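Same chain, two partners: chain A is paired with chain B first, then with chain C.
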Partner chain A sequence: MSVNFARKATGLVRQAGAKDVFVYNVNFINIAIGVAFMFLFMPNGSYPGENIYLSTILCTLFVLPTSLVYAMFASAMPRSGGEYVYVSRAMSPLFGFVASWNYTIWCFFYIGVPAAFLGKYGISALFRELGVNLGSPAMTTYGDWFNTPFGTAMTGSILIIAFAAVFIFGVSLYMKIQNFTFVLASIGLAFTALVLFHHTPADAVTHFNSYANQFTGSKDTYSDIVKNLGSGAVTEVPFNLKQTLISMTWPFTVLGFSIASAYIGGEIKGANRSQLIGMPGSLLYSAFWLLLVSFVTLHAFGYDFLGNLGAVNPTAVKLAFTPTFSELAAALTGHLWLVIVIGVSFALWTYAWLPIYILTATRNLLAWALDGLLPAKVSEVNESTHSPLFAILFSSILGIGFLWLYAYDSAFSTISGFFGQVCGTFILTSIAAIVFPYTQKDMFEGSPVAWRVGGIPLLSILGVLSLIGMVTIAWAFLNDPQSGISFSAPFMIYVNAGVFLSGFIFFYGAKFIQARQGIDINLAFMEIPPE
Partner chain B sequence: MDGISEHDVIGAIVGEGGKAALLGGRAVAIACGGEVPPPLRRHSADIDIVIRGKDRKALKSGMAKLACEPATEFNLLNGKERMIFFAGETKIDVFIDVFRMCHTINLGERVGLHPVILPPADLLLTKLQVVRAERKDLIDIAALLLGSEIEAARITKILGAEWGFWRTATGTLDTLRAQAAEICGDQALTTELIQRIDALNAQIAAAPRSMAWKMRAVIGERSTWYELPEEPDAAPA
Partner chain C sequence: MAFGFGGRGYKLFYASDIHGSEKCFLKFVNAGKFYKADALVLGGDITGKMIVPLIHRDGKYHARFLGRDFVAETEAEIAEVEKSIRMNGFYPAIMEPDEHAHFQADETARTEMIDRLVLKSVERWIDIAETRLKGTGIRCFINAGNDDDDYVDEALKKSDVVENHEGGVVDLDGDLQMIVCGFSNRTPFDSPREKDEPELEAYINNIIPKLKDPSNAIFTLHVPPYNSGLDSAPMLKDGGVVTKGGHTVMAPVGSTAVRKVIEQAQPLLGLHGHVHESRATKNIGRTLCINPGSEYSEGILRGALISFKGNKIQGHQLVQA
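The block that comes next holds the complex of A and B.
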């Protein structure tokens, strides 16, 4: 018999493979920024009795169901647009749009934030490390400039423009760049971990003082830090579960986002396998690295040192800005090549969210425009580059605007936007996962993830667990004194609520405008996803 | 719009100042000059064409004039190399410069070498690159080998440059050789087909190979040498 295979159509080789998806999601999680945040903000006395390891492990367990929900949805509906597609189908077009709107508006904000990180945490530290090792105070001063609001905003703006240019040339070019820089950044992180592992607080603090002496002028900067903090100096206190749970906000800022590939679902090869492995796989891989690098950092410097360093106002002890774990590792080695490897690789991690937020926002804008919720102009492609030029430029310009806002307005220098993404998007998607097998029975049964446990759809079970996980994370944000989200100072709660609720206004506004032109956008929603 | 022909599609693009070449089952029939032996005749529902990147505008105008509906989302995400249009039930599958399936073939420069279709050698390459060849692919290869003039130099140049493509193409030819009798259903036709396959295989074997080909050959089948295309999920706007 000669007929071996049944191929219905000509076929299509999609742009991103399983490896690309994994790297894409690990980059969006961002291991190095996660560790940097954890040590800048967790041991500084804000969460007395917290345990960094347990906080990371619990956070992983709380976000794993959400990761699996997105992975299963992406497998069942391999379309670009993320929750816009999933929630629209499972619940209603209105909620699908609002969930997507909420996430996308924060995407614009978070295009700006990681762009700021390059100057603020990456280049500034690299210049200071090189300045110390090359005996060049001028270089250290340049490093300080990158940490100023203007330096941060200028560097970030150039970076956003560069990535916009990359996306104008195509997603495949970005995938090549991300895979290359990921390898370099990962090798650098491994070297950083090795350096940290070979030291203990007994000698690490001496190395730090010697390093800091080059720009603080003090022979014992650490003692200056402790003196400056006075009674506020950090000491390790007995374990406290509540504080450990609250401090999950910091590992969440990275581990909560293993879902990036959901938004480019239509462009992924073998979506079923790639997404089911890529999302939870990247989460577990990153959690492992977070724990490992946290271990070696604590092994080298100890909890008290890291806590005091995070607690002190850096300018009060002439530090200009607080060193991250990466700069501390660079301070431990006298080898210039190793300093360069550590510094450059960390700089490569700092902005990793940025291009992914641009791509996510662009894909969501395209999906809305295709359904008539935005002008058709947004989904037009440029004839020469064949890329959605308008959507890319629109996202990038908004990102630059938010970058300058973030650089100059301390109210936005928080992680409060993540609270909005949890409440307005992930919780809605969790609910969609619970109801999807019942509201879209045929689609669920025909999908590759129509799995059941005790007769109950696994997706629904994971939806319940995801809902519990996200409510717990939201609770942590509300109780975290450093999250920027608080009922006692509710400005950012109003901002979050405003972003979410404006989605309803926008949806009905677009519907009204289109209806006046005789267009029923409900018909467009019936086509999501086309099959 | 139903009842559209490949000539309508090519004509519409040419009418807008562009160039296009037909590929797929319909092109094979034309390449064989309408003299495809009965066992090797087959119906092809879709219209597959290749255009040059610079002719995108002509493609879009031509399709609009024919009232063909674009697969908007598909074209938006994949339009750099691929577009799909619908004329009623007929799907028009457009490759732009590149044919990217199990293996990649640059076809932009081959458009216009023949008035309507891609040169037969390129049509043959688009069939030989299929890793999991179906009966319809084998029938098309047989028809091309028996009914058209194949520019063997084009085949040997491409297969001599890339080991993976060579591995797939020679494997596909072996499959066809093994199934020649069943596909042709006629002793004389089978014998002729086997002779043509052997002749082509001999030319492929004698052709020079690139350094990249030789280096990749060292790894051999221990590493996957092909892509597996998926079903394009496209619908009209």
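The block that comes next holds the complex of A and C.
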């Protein structure tokens, strides 16, 4: 065994390990929102013949290569910045910036969206659950308000402002809050799963009717739902592979994002092992939980009930808004403490994307500013709080703008932004993975992931698989009647294309402005030949 | 107007903390021609942190670094592995298994061996710099940092091309002058070149009076000013790094002495390093302070281009070469 000899010198600069990477990514993946989306939108008849389990498993298999590509890149280039670093070095600074720009613009959007989820799915349901259990119709009415566009936008704005304040006082404070809320949310999800597991459709529907009776006034709300749907009522039909593939868009909304730790790659200790375990590990762990919670939800209520609940217009049956799996679980228990645990923990899950998107967007803004692509002001760090004040405020204000857009414009109340992240960022990163071992031969050969299969770099092989996976996901989005993006309704295609192409315009614009001041932005990225 | 455009003034390229990466050093030496710079400044921490033995066993040479095993048999293969080790900031050392065992067991012998190899490498780098820069008109300033032992200073001072002005003042262009200090404040790592804050302040304040005009000077001080955003490093507790929720807790680790002398003297420019992950620029009063950060382990040379006209900074730009 060869032992190397170290000098006495200043030490490691990398800190977070595999466990930290795992927690960070699982938090970002957001299991509970994933399950909520899946049952709100998958069994409602939009994908006749789809299989929820197979859809989740296939989605996992399609995104796994992308997760591994990011993990291997993070191992080869253990720096913060994600694709901004990877694509810049593998392809060119222009494409690196465009990939990063595209992701960051959608980051701003997804600062707003989860903020909306808090009111729309979290607090509204919690108030209704408490209203029913405490016999307080007023609380139920308050809950309905949180689900209105104004209630959603107001609640979300307060949440974004609160998080901006937390980040201004430092990441450390946020991490304390995150650790606490993550544990609470995870325990609550486990309780939710346990409650669901102890019921079957035979009694669960009765519980639901009894629960809904408090605010619909009907003794058999489920029958009202079925009657309202008429011939459109959902029934299970034979398996259909195409519909199963198309419905992958819903598990993708969470499973596609096991890569959050790539953006803090510079802080990961033993990046090779940590990222290679942490990224795909968090994906597989979350996929397992999605399958498990899906199983207990279907076990409790059955496919037809969940499909009809998702299909019906909630106001037509006096539901005000469609209950998520979490609220359905709360409806099954008469214990107030359990209702609180289920409701509060789900509310904590709803906005989990928000702070991580603020962090990612802020870091990307800083990196661009240091490279001369944004004014230096953006990269300034406040001496009192040690936080990038301007970048945080900028991200938060944009996030609030997108929140209101999401709340009031139905075109943006969809998952079409994920399509942009797939096409504009993940596909570019996949291509970068294919070419990296050839364009940066020395860096690849010197990296701990210079593995080959049959003489071909494994990273290139995974890049090809990732490309296939992402193109398949993009195809699913374009064919999904509920994704909000398709060739037949192309508005969001234009928006996505506009976001992507504006990256090129911004890059060349910044280059032009800097050139007028004597600064050649190309120099920021040009490699000096060592020989 | 600056950099590669017309009407240019005096241009300087600054980098720091390359920690033995030969690839970064070769890029540094070539940076003068590449950026059309008048001067190159390498602000300390030039030596690496680890010796990688190539152990002779069964007619082959075995090494392990970057988490991988390397086996070399022919001279060309050995040279290739040695080159790869040097490019990544380590020092190769061919040895027999009994020598390896001896160095493992005997700390004194191990330290002597490390010092010998580090010094040899520094001398080799000086030769490279002399070969590539002699007669070009590009001045090359290199000073030691807190991670560099005293013998590095001595080696640097022997060169007639590489200039080491540790603890002193050097004239650059016109009235523009530069002072150099490679010492840092205390670190938890007990590195070779550290001082207590009052001692560090006194050391720098002893140099400043030698300047013609401190307000028209560059302060090349290895450690960045305290709480400047150029000095955010992982918080340490009981020898470990503090993390929360997968995130590192950062804290300022710069020097209060450096901050104080910059606030008082208000030089034109502060050039710093030391904290690799804290790539940033910051104005302290009228002084522009720069820490270009370091990515030596990936062979990326992070640096800064600064151009001067008269007694003003014309422009600055962070680069990653």
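Just so we're on the same page, the second predicted complex is superposed on the first by the 510 of 531 C-alpha atoms of A that agree within 3 Å, B and C clash if a C-alpha of one lies under 4 Å from a C-alpha of the other, contacts with A are read in each partner's own complex, and residues count from 1 in each chain.
We take it that a contact is a pair of C-beta atoms (placed from the backbone, for glycine too) under 8 Å apart; a residue touches a chain by one contact, two chains touch by 3 or more.
The structure presented is a predicted model; accordingly, all values stated were derived computationally and were not measured.
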**Study point:** Contact breadth on chain A, by residue count: chain C or chain B
**Key:** C
Practice item. With the two complexes superposed on chain A, say which partner A:Thr360 touches: chain B (first), chain C (second), both, or neither. Key: neither
Review point. Regarding the shared-chain residue A:Val21, is it in contact with chain B (first), chain C (second), both, or neither?
Key: second
Exercise for review: Considering only touches as defined above, state whether A:Ser416 meets chain B (first), chain C (second), both or neither.
Suggested key: neither
Practice item. Have a look at where A:Val381 lands relative to chain B and chain C in the superposition and call it first, second, both or neither. Key: both
Exercise for review: Scan A:Asn147 for contacts with chain B and chain C and give back first, second, both or neither.
Suggested key: neither
Practice item. Applying the touch criterion given at the start, work out whether A:Met175 contacts chain B, chain C, both or neither, answering first, second, both or neither. Key: second
Exercise for review: Return first, second, both or neither, reflecting whether A:Asn479 touches chain B, chain C, both chains, or no partner chain.
Suggested key: neither
Review point. For chain A, what residues appear in both contact lists, the one with chain B and the one with chain C?
Key: 2-13, 78-79, 266-267, 269, 370, 379, 381, 383, 386, 527, 529-531
**Study point:** In the complex, chain B residues that touch chain A
**Key:** 24, 46, 48, 53, 56-57, 72-73, 76-80, 82, 91, 93, 100-101, 132-135, 138, 179, 182-183, 227-235, 237
**Study point:** chain A contact footprint on chain C (complex, rising order)
**Key:** 1-5, 19, 22-23, 26-27, 30-31, 34-35, 45, 47-53, 55, 62-68, 84, 87-88, 90, 100, 103-104, 110, 113-114, 118, 146-147, 187-192, 227-229, 232-234, 241-252, 274, 276-277, 279-282, 295, 297-299, 301, 305, 307, 314-315, 317-321
Study note, to complete from the structure: chain A residues touching chain B in their complex are 2-14, 78-80, 170, 266-267, 269-270, 366, 370, 379, 381, 383, 386-388, 527, 529-531
Study note, to complete from the structure: Given the complex, residues on chain A that touch chain C span 2-13, 15-17, 20-25, 27, 77-79, 171-172, 174-176, 178-179, 182, 261, 264, 266-267, 269, 272, 370-372, 376, 379-381, 383, 386, 442-443, 445-448, 450, 517-520, 523-531
